[in-house]
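Here the chain labels run A, B, C, D, E and F in written order, and each chain numbers its own residues starting at 1.
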Amino acid sequence: MKFGIVVNEGPYTHQASDSAYQFTRAALEKGHEIYRVFFYHDGVNNGTRLSVPPQDERNIQSNWTELAKQHKLDLVVCVAAAQRRGILDESEAKRAGKNADNIAPGFRISGLGQLIETGIESDRVVAFGD
Amino acid sequence: MNTQEDSSGANGQKRFLYVNRRAPYGTIYALAFDQDVSLAFLDDGVYQIVKGQDTEGIGMKNFSPTYRALGDFEVTKLFVERESLEERGLSSDDLLDITYEDEDDDWAEKPSIRIVSRSQMTEVMAAQDVILSF
Amino acid sequence: MSILHTVNKSPFEKSTFRSCLDHAKSGDAVLLIEDGVYAATKGTAAAKLIAARNGDLALYALAADLAARGISETSVIEGVSVVDYGGFVDLVAGHDVSQAWL
Amino acid sequence: MSILHTVNKSPFEKSTFRSCLDHAKSGDAVLLIEDGVYAATKGTAAAKLIAARNGDLALYALAADLAARGISETSVIEGVSVVDYGGFVDLVAGHDVSQAWL
Amino acid sequence: MNTQEDSSGANGQKRFLYVNRRAPYGTIYALAFDQDVSLAFLDDGVYQIVKGQDTEGIGMKNFSPTYRALGDFEVTKLFVERESLEERGLSSDDLLDITYEDEDDDWAEKPSIRIVSRSQMTEVMAAQDVILSF
Amino acid sequence: MKFGIVVNEGPYTHQASDSAYQFTRAALEKGHEIYRVFFYHDGVNNGTRLSVPPQDERNIQSNWTELAKQHKLDLVVCVAAAQRRGILDESEAKRAGKNADNIAPGFRISGLGQLIETGIESDRVVAFGD
């Protein structure tokens, strides 16, 4: 089956991103396909490459990047939510006149249409949030 | 009732339900439309469409007028739960006037808001292909 | 020693308002802000909780948050005083400690 | 058409668990995850809400979240099935729609 | 009762209360100590100090053992509300063993957890100079 | 009087940072002193200079930077919370081997001791969060 995953909360304060990650791994292990993981609202904060968690804690951001690499996952960050919260890729940063970007490897920035598309193309949509 | 087969894939139109359970401003969101879209307002979500919202004093944008434009995007089904209104001391008179022009009825202006009971809301939910909460 | 309690969540969504009332002592003040102002509206279970305190708490609601939510002053239950941000500042200054029920 | 409802908040802190039960129809399933698993513990008001449904809902709780919160299987009310993440995946696949009560 | 004058400034020791009202893992935090520190556990905060927490399955760090080290930082007053325990079907037997060595009593090992009633919790709150919630 | 302000939530999803900003302005207008604004937990996300909100919405981050400039406010971001969430200044970025930083002007990164100090040195502490 094709699953769409929605993540509405940022890392560390809430468990949502951890739960979504564990669910996604389990779905892949069972042979399901992940159509897309869509990061919305504060969920966009999962897509920064600047996080530096303590050595004895899991690195939520790099967990997603690694999983995307292994399974060719499509990790999409909502552009409107990302702009408000300061998650930018190189071209967004350039357009906004910012001197740095912070998007993590494996994530891409796109519009809310990608969420609707996830709903259309997936057999099941599962949302995680606060 | 849809089966998995007829509800998935790029060609079949899906029924999307956006569930609003939270009050505005404390939690903010955007909406996007396509397909066969319904909105559900229950619990504190009914506060989203209360009229007379004036956000100047809190320095935030007032998103409630955007609901009035829903008809232009062919979103004409706004289900509001009666019990949620009553528990909050509200009635339909406290809600925004949200209407659409019915192209099948000589463009007559009709109300988009449908007050439903809790058990009817349960049926609305049961008739969807995709349910997203905000 | 008197405490200013602030509540910022709807009493219908979260348990903070009830817990605040359960722990506020006679003479304390409770200021409703953000979604907390919904507790100040007439005809709800929250209004009954307030009434049950029989006026032994000073209750306030922030004007800007009421207006943002379309709550007119006539919808606010009697005994709740409406204050602006300056009034919020005065309440903090006028009580020994502030406790945010987050 | 059957729905898998997921609840991730404590029934003592937020109203989502109650609202979910109020809107779940006979034959639906409810999966408790994260802080939602507290609703699966014996001797609470949440347990009474579950009992009032008289078994017309299928109830599940996520094992990893129970363990993380120190809830032993003997503390879980009867009739709630404990599942792992793989079971979570199967529940999603086995119901027509998933609805997250966030 | 403190007045503003005697409770402020760098020299007077202040009474800090850290209020724990939320369950662990769903919301995570760190603690820091100095001054005259008390911890209050009420509502879902009592879940913070329930024993037997095993976070391996959720891939998160288990923070509950850090409570056992509190005594070493001279944090010896952990007030736990009885009503909050009872509403959750819990008793003091379900809580972590948290102790400290009393230097005024020949380093005798004593329990840090003090089960208090809701009205006593109200009194604990009323005796503080700074209250922070997590 | 001296006020200490604590902000526990990030911008946009929650109103907490807006409320804290309005309160801080009102306190300054009444002639009070702001000892420090301490950003903790997800509150550290207020301290990014990369946010690009829509033109017709308030810019929460630059509101704080402007207020700090006008009134010489001390805006402190908790280092442990900031590292986890990817809010870094130049030296933190260098130490962590990251090729970009994102701290906003007027904010500085420091330890939790600064929160305790805020409690000790302020006449009143007011917290805003979720």
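The working rule: a residue touches a chain if its C-beta (ideal position, glycine included) is under 8 Å from a C-beta of that chain, and two chains touch if they have at least 3 such contacts.
Owing to the predicted nature of the structure, the values given are computational and were not obtained by experimental measurement.
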item: Each chain counted as touching subunit E and subunit F at once; value: A, C
item: Reaching subunit F from subunit A through chains that touch each other, fewest steps; value: 1
item: Farthest chain (mean CA position) relative to subunit B; value: E
item: Chain pair with more C-beta contacts, C-E versus B-F; value: C-E
item: Furthest chain, CA centroid comparison against subunit D; value: F
item: Between subunit C and subunit F, centroid-to-centroid distance (C-alpha), Å; value: 26
item: Mean-CA-position distance for subunit E and subunit A (Å); value: 35
item: Two or more partner chains touched - positions in subunit C; value: 8, 12-13, 15, 34-35, 64, 84, 97-98, 100, 102
item: Shared interface positions of subunit A, touching two or more other chains; value: 12-13, 15, 19, 22, 41, 57, 80, 123, 125, 127, 129-130
item: Junction residues of subunit B - those touching two or more other chains; value: 4, 25-26, 43, 58, 60, 129-131, 133
item: Chain-chain contacts as defined at top; value: A-B, A-D, A-E, A-F, B-C, B-D, B-F, C-D, C-E, C-F, D-E, E-F
item: For the subunit C and subunit E complex, residues of the former touching the latter; value: 1, 3, 15-16, 19, 22-25, 96-102
item: Contact set on subunit F toward subunit A in their complex; value: 10-13, 41-42, 45, 48-54, 57, 61, 80-81, 83-88, 92-93, 96, 98, 100-102, 130
item: Contact footprint of subunit D on subunit B as seen in their complex; value: 1-2, 4, 7, 19, 21, 42-43, 118, 121-123, 125-131, 133-134
item: Residue ranges of subunit E in contact with subunit F within the complex; value: 4, 8-10, 14, 16, 29-30, 32-35, 129-133
item: Subunit B-touching residues of subunit A, taken from the complex the two chains share; value: 2, 6, 41, 80, 112-113, 115-116, 119-123, 125, 127, 129
